[in-house]
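By letter and in written order, the chains are A, B and C; residue numbering begins at 1 in each of them.
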């Protein structure tokens, strides 16, 4: 079983005095796995440790049976798309893939064909001679995925890949990832909850360095059932309502406002509704007491 | 005001600035200008034999000395020149030797043939090398043959030809011919117009020494002389090092350019705060060090009225314009290209300027030197006589700095509007 | 290049890495160095110089190309994003650094060789020591920049250190003893070995520092 999974046991990471990752215990299996959490929760730290660009302070990590400290062997089987993906700006897309391909330990067999194949997978064949600095955000991310896959890794680690992308790009990217996940373990970290809902079966939530949820997306949503309400109110009442409830969404239409909020106690004059993953996420944080009032302050 | 402070902090708390200050200290220390306690200027005492020497344009001294020197160089066909401040050894080709012989022949009364006979050609050929004393080494078919100089030749060398200038040559004419000789040599020789005075070495007498002393006492009030010497050297260092601060502060906001571009500050305000911050950051250690240097002598002149503000005046008047231009170069070219190419430009300029300055004798000033020089203690008379040139020089550099500054503001504001993406291929814009 | 759809072996991989690095990370510095070489005769006048006078353009100007070619060898990875990406790869960074150092040092040597040869063609008295001596000074200067770059991630500061050393030699040369870079111009045609060896030691140290600070 361990030969096909990533096993993380009691993983700790300290930055000086700051305890960035607190006793993480996690098993990740084949398919798309979503790591959810706020900015600063520790997602990137965890990603970096798995990608071997950061040293852990304590704990044990085994990737497909290989201990993390065998850095070179791990790098042969993992592909990494960092959050701040960038490359020599004047390099062309094709040259970048060739260069990174060699560095990734890509096989010499069918070297050129494999690069061409990847270019078409990520839909960048037409841009093969374009310089990296001229690429749009979405294209860069696609290039990022391509370079992570060059050596056909069994593990793909993708850190916040959709941040800053427009909706169309984001969807395209997610689909790409799902395609790729069929034969691999793909770990996707994000603070955009919608990404998880669309692509992942299992997810974990990191909050202030701690793993506070580890299970299926389905269960996360189930957990919030019965706790999400909608309410129709007057626009002028919004300020009051904000103080009263933990609002996850406001829609205004003329003088009316439709607010969506979570509550662990029954609210008589509001309507129960089916939670979406955002509600579920917020509710889970709220339950765990790590909730900060999201309603926002005075306008 | 706070914008200035923000930019100022950025400069002060940078690694570049730390290295800048350390370098300034190390350089000044290595030239021993931070402590002048062993260089007290005493009033000259009458009756001494030596009060130093000076150079004066006295034809009766210069002409014989110069022609003797030229003849000596001519006979060994080896002239030392400093065309750009660097030592260069000139060996003349056959027809240039003849041209030189014509000049010497005209000025003295020695015939051209006589002169040519005495030239030992030091050019080596594959088969024969002639040495200065007449020995020759010749490569034959079987080996080498070393020939000692023939007796007459050796004697010929010891036979002193009386070399003197013809009586009817005027000094003006003499200078003209010397200048021709200098031209044959490619410039920078002792015989050029500006360097001829180096043959006019005369001892300073008591009265002159006293006059110099009094000038230092009344005009420089002692501290001025020390401040001037300090500034000479500090200026050299500052002219080069300031460019790095200009570059560093421009490169720093490369990564947050997007945010700055959209903020509501005018380009002019931002750049002005930045430029002022850099100059302030440079001048603070300069003024501190100049006072440390100057204070070291205050104790020695307790009974006199000294100028306590001399270091400040020299720092601002002498050194600051160089700091301004150097950092402006850094700001402008970095803003324009996004690369530290300003280093190459400033190093090149500084280097050439420094060496041009070396070939000008101690008393010379030019309106265009970047590092203004005065590398002797005292010499107040020359300073006074050239005061207007000095002021012109410093003003020119302040003006050029301001022009560069305005150009930097323009470039910056155009970039903000998205109009310029100059030298895109050189910029390492991050994605 | 000349490769078709076939297997590429390790040698070809190394060649490709070299080619890409030269194309994207080295060319502009090479061109700048060429400009320096071309400007030198304009500034200095390079005909009929004796041994000592020939050393002057070499030590005072040509040697600066050492700074241009060697100091920026770690710069492409100064950007945090690129650095993280490259570091996560199977091939160690020091492999690429070594490739860069090799071609940079070779280029430096060839440029100096070329210029000394040019001097010889112009009837200057030069010999192998001029090549060796200039290369030693140039290498040392460049190595100062490289090791600074290994210690500080900055695109300007690493140039400062060798230039400061250059300035220091201008003014207080005698105090530097065996590490005086303008020896030949002062008529001293020996002792450059210290600069040469130190240069190599600093370069190797720079790579080692990079290697162990990345761990």
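Operating definition for what follows: a contact is a pair of C-beta atoms (placed from the backbone, for glycine too) under 8 Å apart; a residue touches a chain by one contact, two chains touch by 3 or more.
Worth saying up front: this structure is predicted, and the values here are computed from it rather than measured.
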Centroid-based (C-alpha) most distant chain relative to subunit C: A
Closest chain to the centre of mass proxy, which here is the mean CA position: C
Whole-Å gap between the CA centroids of subunit A and subunit B: 63
Centroid distance [mean C-alpha coordinates] between subunit C and subunit A, Å: 44
Centre distance in Å when subunit B and subunit C are each reduced to the mean of their C-alpha atoms: 28
For subunit C, residues contacting two or more additional chains: 79, 81
Of all residues in subunit B, the ones touching two or more other chains: 428, 430-431
Where subunit A touches two or more other chains at once, by residue number: 85-87, 90
Interfacial residue positions of subunit C with respect to subunit A in the complex: 3-5, 7-10, 12-13, 16-17, 20, 23-25, 76, 79-82, 84-91, 96, 215
Contacting residues of subunit A [partner subunit C, same complex]: 48, 51-53, 55, 72, 75-76, 80, 82, 84-88, 90-91, 95, 98-100, 102-105, 108-113, 147, 151
Subunit C - residues contacting subunit B, complex: 28, 32, 43-45, 48-50, 52-53, 56, 60-61, 64, 68, 79, 81, 152, 154-157, 159-161, 163-164, 167-168, 170-172, 175, 185
Subunit C partner contacts - residues on subunit B that touch it in the complex: 15-16, 19, 23, 26-27, 30-31, 83-84, 86-91, 93, 186, 233, 237, 240-241, 244, 247-248, 251, 340, 343-344, 347, 351-352, 354, 426, 428, 430-431
